[in-house]
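The structure follows.
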Amino acid sequence: MAAATRQQLAEELGHIEAQALGGLDLVVGQLDRTLEALETQDLDLAALVVADDDRIDGRYLEVHQALLSLLARQAPVAGDLRLVAALLHAMKDIERMGDQCVNIAKTIPLAGHEPPRSPEIVDCVLRMGAVAREEILQAKAAFAARDAVLAEDLVRRDRAVNALNREVFRRALDAGADEEAREWAMLQVMAARALERIGDHAVDIGEQTAFVVTGLFREFTDGSQPHVGEGA
Amino acid sequence: MTNTIIMDDQLPTRPRVSVSAPSPSASAGTPQPIERPAPALHVGDLHAHYGDTHAVKGVTIDYAPNEVTAMIGPSGCGKSTVLRCLNRMHEEIAGAHVTGSVRLDETDIYGPEVDVVAVRRAIGMVFQKPNPFPTMSIYDNVAAGLKLNGVKGVDLDERVEQSLRGAGLWDEVSDRLRAPGIGLSGGQQQRLCIARTIAVQPDVILMDEPCSALDPIATLKVEELIAQLKTRFTIVIVTHNLQQAARVADSTAFFLLGELVEHASTDQMFTNPGDERTERYVTGRFG
Amino acid sequence: MTALTLASPRRRATDRLMRSLLAAGTLVALLPLGAIVGYLLSKGLGAWSWDFFTTDPTGNFLGDPGGIRSAIVGTVEMVALAAALSVPLGWGVALYLVEYGRQGRFAATVRYFVDVMTGVPSIVFGLFVYVTLVVSGLGGASFAGWKGSVALALLMLPVVTRSAEVVLRLVPDALREAALALGTPRWRVALKVVLPTALPGLVTGSLLAVARAAGETAPLLFTATIVNATSFSLADRTNSLPVQIYTDIGSPNDLLVQRAWGAALALVALILLTTLVARLFSRRSHLS
């Protein structure tokens, strides 16, 4: 039988996709370490997370360059072109997710070495982290399988993260009278916010999956997202 | 102990607009004003045969006025045959016959009262291999369509200059109009043939792989020309070069085994085609 | 390393052998030609003189035999008329066969008969014209130059047609298509595009037919016969080189025999000239 045509394009695309989705694995690793550092107040682990972000940045550059080269040499169209666009977009999301982990890790030394003022807030934050982790893995699975339904389901998961974010915010408001307590609470709000952004980026990747499959780019959620500051 | 924390991003507000597929009437490149409204071509249930071979099977398609429509598809899919049915050249082949209708605006060119010769003056054709008449000069080649048919009352000098300008060739040959037509380079010869075609002032220009015999630079020049010509003519182009169809055409039609599989805006065809077979062809996955 | 070594000695020997064989064969083929030319020159050149070309044969058995002016003039006249008859007709038939008759049964039949005609012996054409035009007394005097032309034309017709058909077929279809696509009717395409493009080749083919006809004796024996005086009317008997040679060569008078050789040389020279012109014309061809 005749050999399949455009083998090289298919192989290259496959390799780049593996690299990009591998970036999601790197993010999950970073997130795990961040959450552990948050829980145990481990400063060394936090510093490791900050340093290790270089790997994710490096992966971004790799994938970006490979995609540019592919566009120039292979002139992909239709489904291939959509995949390239989606990978570019998703890789940016992955890089941002890495940055958000760094943001969280940076709050840890600043929070001080005293026991946390509010175990409930910490618990919320850690739960947010767990759901965010699930979202990342689900986004990866959906993209790899080109499953638009699974991708859209991310919205449901993300709502939980958003709800927890709002709870952290509420609890932080009642953090306490003294300055140190308030400062600590602010840092927790920032960490929560960073986790909420990670969740959003995972949903973005889900939208890219839907784009690859259907050719239509559509925001999964209608209506406005509640911003920080708007109560719920 | 306050520490300044530099947060990374100021989170941008996400757009609330839902972006759907581009509208089907999107033109390739920046739209140019229509200089001379051309008619549309409507093909209805076209069947074409070479003897016993059924080459075109029930094709129905509309070619929009003042737009470039590309016909793509693998070898033997019938696109060239369809093209030749549009100006009744198919019937010049021994044993060939056609059924169905091809309407130029409201007139069916296969109607019983219709003069074949008049059809071909309204629907011109440019061929794959440049074919200027070897016995004629550049001037005579361009004027051939008028001279051969004994058209009177036309200022030949003016028409020839107009046509050569329209084909982007005037500057290169204005000083040697009496030189033989075959003395030009391949790209120039093809533009000469285009000048010859437009000198007759047709409504539609059919192009059968006009750039396959040309080098890349000559190809690009002809493509630029096509973009300008569509302000005055309706253009139908058959091409093997998908990138060319993508660059040049407003809408693209994909043919396979004698049938029309899909016809959509070029945008659509190359970003999100509807039919699986189109997707496979356009992305180059055969075998 | 084997690909780069020189040819083996055996191969070189075979090469040399074949080359010599081919050269020898060529020489053998050229030998008769050389002999003819040599013989003609040696026998006929002596007869050439100014008078030879400017005086008519006197018809006297004894004394001055005269030149061959009337024969040359007669040949040129009759062949010219024959060409004027057969060339347009031949081109016309060829145009029909190529432009309209690629596949038809009628065209195939025509083509077959044209082929047959190329094989018909020239004497048959002469006899045909003899019976239809001379014996019947059609067109006045029984023997006439123009009747000779008719016979020659019949001879030339299939040759002209065949060569014209070949040349017309060489015109690329792309040119026909281009003209058709401009909205030109088929007959105009044939006349104004195909014909001019093929013209050099057509002329070459016709000139070759002319060269052949100039040398034919048999048709003229029964139609134009022979006469001494130069005539320009072709309405009566007309002299011609082949017939003159035929008549003279059997004579016991040596001068007449020599005149015959001179005339033969003149005829060959005439044909050579015609062929050279044909060659020059074919160089201007658009179909190479």
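Per-chain residue numbering starts at 1, and chain names A, B and C are given in the order in which the chains are listed.
Everything that follows uses one rule, which is that contacts are C-beta pairs under 8 Å (C-beta built on N, C-alpha and C of every residue); 3 or more make two chains touch, one makes a residue touch a chain.
Here the structure is a predicted model, which is why all the values come from computation and not from measurement.
Asker: Among line, ring, star, complete and other, which best matches the way these chains touch?
Answerer: Graph shape, chains as nodes and touching pairs as edges: a line.
Asker: Going by C-alpha centres, which chain is most central here?
Answerer: B
Asker: Which whole number of Å gives the spacing of the CA centres of chain A and chain B?
Answerer: 48
Asker: Indicate the whole-number Å distance between the mean C-alpha point of chain A and the mean C-alpha point of chain C.
Answerer: 94
Asker: So how far apart, in whole Å, are chain B and chain C when each is placed at the average of its C-alpha atoms?
Answerer: Averaging C-alpha atoms per chain gives centres 51 Å apart.
Asker: Which chain A residues qualify as touching chain B in the complex?
Answerer: 1-6, 9-10, 75-82, 96, 99-100, 102-103, 106-107, 110, 183, 190, 197, 214-219, 224-225
Asker: Inside the complex, what are the residues of chain B that reach chain A?
Answerer: 2-3, 5, 7-9, 11, 14-16, 18-21, 242-243, 246, 269-273, 278-279, 282-287
Asker: Which residues of chain C touch chain B once you look at their complex with the stated criterion?
Answerer: 102-103, 172, 174-175, 177-185, 188-189, 192-193, 196-197, 199, 286
Asker: Taking the complex as given, what residues does chain B use to touch chain C?
Answerer: These residues of chain B touch chain C: 87, 89, 92, 94-95, 117-121, 124-125, 127, 129, 131-135, 144-145, 148-149, 193, 196-197, 200.
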